[in-house]
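Here's the structure we're looking at; comments come further down.
Chain nomenclature is as follows: A, B, C, D and E, assigned in order of appearance, with residue numbering initiated at 1 for each chain independently.
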Amino acid sequence: MRNAGPVLAVLGLILALWYAGAVWLNAAWTYDQASRNGTEVTMALLLSDTMAQERPVLPPPHQVAGELWKGLTAWAPSSKKSLVYHGLVTLTATFWGFVFGTVLGCLMAVGIVRSRVIELGLMPWAVISQTIPVVALAPMIVVLSNTLGFGERIGVENQLVSKTIIAAYLSYFPVLVGMVKGLRAPDQMQLDLLKTYGASEIQTFRLLRLPSSMPYLFASLKVGIAASLVGAIVGELPTGAIEGLGARMLIGSQFGSPIIVWAALFAAAILAGVLVVVMAGVERLVLKKMGMAQ
Amino acid sequence: ETVKLQLKWVTQAQFAGYYVAEAKGYYKEEGLEVEILPGGPDIAPAQVIAGGGADVIIDWMPSALAAREKGLPLVNIAQPFKSSGLMLTCLKETGVASPADFADKTLGVWFFGNEYPFLSWMSQLGLKTDGSPGGVTVLKQGFNVDPLLQKQAACISTMTYNEYGQVLDAGIKAEDLVTFKYEEQGVATLEDGLYVLEDNLKDPAFEEKMVKFVRASMKGWKDAEANPDEAAMIVLEADQTGAQTEAHQKFMMGEVAKLTAGSNGALDEADYKRTVATLMAGGSDPVITKEPEGAWTHQITDKALQ
Amino acid sequence: MLAAAVLFAWDLSRLAIRRAPRLAQVLVPVLGGLFALGLWEVLTRAFEVPEVILPAPSAIWGAILANLDLLRDDFIQTVLKGAVTGYVMGAAAAVLVAVLVDRVPFLRRGLLPVGNFVSALPIVGIAPIMVMWFGFDWQSKAAVVVVMVFFPVLVNMVAGLAAADRMQRDLMETWGATPTQRLRYLSLPAAMPFLFNGLKIAATLALIGAIVAENFGSPTLGMGFRISTAVGQLALPLVWAEIAVAALAGSVFYGLVSAAERRVTFWHPSQRGK
Amino acid sequence: MSQTAKPAPGQQTAPAIEARGVNLVFQTNDGPVQALKDVNLTINQGDFVSFIGPSGCGKTTFLRAIAALEHPTSGTLTVNGMTPDEARRKRAYGYVFQAAGLYPWRTIAKNISLPLEIMGFSKDEQEERTQRVLDLVDLKGFGQKFPWQLSGGMQQRASIARALAFDADILLMDEPFGALDEIVRDRLNEELLNLWARTGKTIGFVTHSIPEAVYLSTKIVVMSPRPGRITDVIDSPLPKHRPLDIRDTPEFIEIAHRVREGLRAGHAHD
Amino acid sequence: MSQTAKPAPGQQTAPAIEARGVNLVFQTNDGPVQALKDVNLTINQGDFVSFIGPSGCGKTTFLRAIAALEHPTSGTLTVNGMTPDEARRKRAYGYVFQAAGLYPWRTIAKNISLPLEIMGFSKDEQEERTQRVLDLVDLKGFGQKFPWQLSGGMQQRASIARALAFDADILLMDEPFGALDEIVRDRLNEELLNLWARTGKTIGFVTHSIPEAVYLSTKIVVMSPRPGRITDVIDSPLPKHRPLDIRDTPEFIEIAHRVREGLRAGHAHD
């Protein structure tokens, strides 16, 4: 709460810049239209027109906020016009993608820290996996989840399976990198101490490496959950854009409604923001419980 | 019996016939359970059918023939669209009045398998597309008409039933625009046909299924042509993103109806020949290198349209 | 037989790591790669996977050889112009903002939440806007990369700037170090392990961002353009040839960042053993 | 029971450090801990003050408060007539922590020259001073090593060298010689006395060694634990010049005895 | 000049620790550092061995080598007839490091029960032992605090408690009492002797205090620096039972003198 003042100040500044930007970027269209119609552009017209275009280059905040508000409140959350509905669709894939991605990232990190062979054999391929665009993998993922009918068997849509896979694919990597660093963070003395106890490797992990990796883990989890959301949204396109925030952005873009795109964009960003804040909350809680938040 | 139909693009009135057939129970009457899979960017219908993700797909003939040459034996079983809705839309103020003015201009083009008609046309015009002087500069156009509105391109690709309407909606008057319909330039290629895998056709059960499917689909199409506004509303209902607008879908349905009007579903061999000729004429870099064999059949439509 | 091959590769790797650690750094990944490629080739042939779904490595290799010029031009357009430029600008901006945020408590409390929010805007939404603002060429791709890279670097850098322990900070206080000096001598060095964490993640994001951004409008050049066009043409071997280049470029990029990390953070316990 | 230090007879200098009714309470997860209670103390310019008391009695906390690293919950604390914060900005302090606290990314020599760099000494001067103090603490030849390559005692010596390299008015040292062997410790004790005599610095020094406290100090502050209070302030009658064997004189032994008694009383308190 | 320890007269037990020609070289950024050179030493079961020597002479390194935390570059080192690695797997060691090395995410009590947890003691036993050693080092009531809420000396005591909580055969202590005041130190010295007498553990103990070394040990190993060598091994003739005032006996003073001479020689070497 004590952040309210500064946040508001920064937001105010951004809003001011945004409005200025909207006038500046949308002006070209106003002038073009005027010259096509052979009319003059007055200052008043310029201001009022740039604030209310149907397909502005940069929609002013109130247009976006209005659309966002409408999307959030004007329809029942179960309506396909409701941003709540699409947000939840995307969130579901984000969540599962994040869960699987985190588990995968952590498991790989453990393997990498434990064995040099795994590190050398796996790490370059983990890096490479991140350089393969989803576009190229999507057909395989879609075909696999369709033909194997995995989703049908566990009672969810294959869409969700594909999206989850893509979200997990994008989010495991930040977790992997952070965890490798974190699991290696304990200093020599701390490791030596456990050695003198004859602690097993599992004990060393549980009692030392894991706790000391926490700050790194959480920094990565925050990046990871945002990546997972991006993955879910990206995953909505090549899996058949039916529903979800990504699908809405695509349709808005295809049919020339930038305001819809921006509203969906902000809905996604708000979702990401909320997820990151939730993650930060979990972080504070965990670190405090562990006595690491001093 | 289930049929999976992979569309070429997102849910919109371009595919109204299928949605109408579904909504009005024409498929059900044939005993079919049809699953309509919307497309989108990065969805290549040919790839989906190759991977077993669909039984039948909607594609443009140039890309279907190209796929066939690549070893994926697609066969056209029906052609609900008689004529092409593809055109190049230019801002008059850029000074483009005829194809001769394209030289040294920037043109927006859809890729992802949609570029073949354009490339054929340009090579027939003798314009290079690699950006060299005297040729044209090609932009890979995104999903919308912004490049024209923002004057990033002199001309962009539009469909009569979709993007052209958007340009008008945006507030540019028709008289400020110059359009070049592929039909009128003599380079039209067949759009939105139904394609299946050749091997499947040998299976009588599959053939039977497709006969029913095409029959019901054409019923849907003719219904949509007759009741365009109702069809547009059905499409709107089917759009799960909730972002489509009624006005635009009604406009689109109106324009699409003009393209499907001349077809009863059976492929017109003359249209096919013209398409192949256009594609083969592609100068140094033709889309297809040899006359395709067996790329279409009346096997289904003959039975479906008795 | 497969199990035997795995075991053999495993033992060979262990031997290499013990006997020739330098060589092993190259040998083991290559061994792993060859193994994966072999498996891939065998599987695609055995199950007759259609080429339009997943081509065999041999077909991909053929496509690489046949398209060397094309691959080079795409590489320059996407990696050098799009990804690297955007990466450098985005990472630099994130570091600067992190420093600013760390230094001015008002900003930390005001900008960080808002920054988290803005930077979490997904690429699919950002890319069309950037194309609208910066045009079709590589500049808009670089802009997308800037936005994508910014968040991971910022988050890590902010965490890193707070990483110095109490005694290390107290020392600076007793010396009456100015904030700038404290930054230079303490916060920045202490932040380096975290920063590199972010930089490594960002390195891969940059490449993928530049590639994906080309789907939203581009000249007829670039790896993303080629990939999506070739998918549309069902020229999957060419798609995978581009991916191979992307993978190679990504690994080299990542390797360079890792090498820099080893040089800069040699003192961190996680690096000392190496 | 707190006690005010009387100015040492014959000394007229202004107080360097003055504490009046200083209290300091830490808030912890299981309740507040009173680390300092009602501390009154005057330290004059040029004093060598040792703090001695059982572990956990608040010696470190008091030193930190002087250096403006902690802020008293109540009471006033002035340093050269300023607040500790102001004094810090004037770079009045050299501080040696209980643990070495070297920066792992700098070599030993670079660690030592760091405060010099911060305070704007010239390159040559930095070099010269670094070599001198490295020599002083017997670490010649280790300048290019990194902290983790040194033994614990060597690290501690490096940290002492770092604090000695620049000429702060007030030198605060928290058990600087705890990790050193007797012989090095004796050497460094002598060196420290020399430095102090030569420069007239004010030195605050925490130690657990009674002989060390007596040998070095003009004033010995005995503290008792939880809550940390001052139980005795002893002004040393020993002369400024102190050869090592002064430790066998009766005065020395008497003071040492008084300190030991004070400490025992503190422990009994526990 | 290395020296082999003769078995203490009248002792017949098997050697607990035996070093033969041990050398240990560290590779650093600016060349190799020879930390141990040709070290020969026999420590019998039940011995209390102190290591004393100038800072940086290799005491810590030798202790670490015994605990299999470093590996000699050459020579052989056996512990209870096994390699140090094997002995470690048998959980033969309790180790107190030169710095406290508590885990910041665990409370003091949790830090102490950590080895017990690892070694599979029951919950009740863990609880009971933790309380007992907390009491022993005078930290009752601090179990629920986190390490950074404790003073330096208290942290060090917690780390001693941690090593005492489980009954390792061999207790290795690296300057455990360096940060403690004299009175607490005396107390803990006595406690340690009691523990040792009661349990017959073998103890390796690094200290910088000559009186402490003499008071505690059955065997004093004097080392000289760079490269670390053993210059003298003194078997103490003091009885097993040692009241604190044994420190004023002539035998005591004589041994202390011999140690001091050994140390001085080492320093001269420098």
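General remarks:
Note that a contact is a pair of C-beta atoms (placed from the backbone, for glycine too) under 8 Å apart; a residue touches a chain by one contact, two chains touch by 3 or more.
Protein names from UniProt, one per chain: A, C = ABC transporter permease subunit; D, E = ATP-binding cassette domain-containing protein.
Small disclaimer: the values here were computed from a predicted structure and weren't measured.
Fewest steps needed to get from chain B to chain D, stepping only to touching chains, is 2. Most remote chain with respect to chain E, judged by CA-atom centres, is B.
Set against one another, A-C and A-E show the most C-beta pairs in contact at A-C.
One finds 53 Å separating the Cα centroids of chain A and chain E.
Averaging Cα coordinates per chain places chain A and chain B 34 Å apart.
Chain C and chain E, compared by their mean Cα positions, are separated by 49 Å.
Of all residues in chain E, those that touch two or more other chains are 99, 146, 148. Chain B has residues 41-42, 44, 47, 51, 142-144, 146, 150 in contact with two or more other chains. For chain A, residues that reach two or more other chains under the stated contact definition are 57, 135, 139-140, 143, 188, 237, 250, 253, 291, 294.
If you check the complex, the residues on chain E that touch chain D are 26, 28-30, 33, 52-56, 59-61, 98-99, 138, 144-146, 149-154, 156-157, 174-175, 178-185, 208-210, 260, 263-264, 267, 270. Contact residues of chain B toward chain C in the complex are 41-42, 44, 46-47, 50-51, 63, 66-67, 70-72, 111-115, 129-131, 137-144, 146-147, 150, 152. Looking at the complex, you find that chain B touches chain A at residues 10-11, 37-44, 47-48, 51-53, 142-146, 149-150, 166, 169-173, 176, 239-245, 248.
Considering their complex, residues 2-3, 5-11, 14, 25, 57, 116-117, 120-125, 127-128, 130-136, 139-140, 143, 173-174, 177-178, 181, 184-188, 215-216, 219-220, 222-223, 226-227, 229-230, 233-234, 237, 245-246, 249-250, 253, 261-262, 264-265, 268-270, 272-273, 276-277, 294 of chain A touch chain C. Within the complex formed with chain D, the residues of chain C that make contact are 167-168, 170-177, 181, 185-186, 189-190, 192, 265-268, 272.
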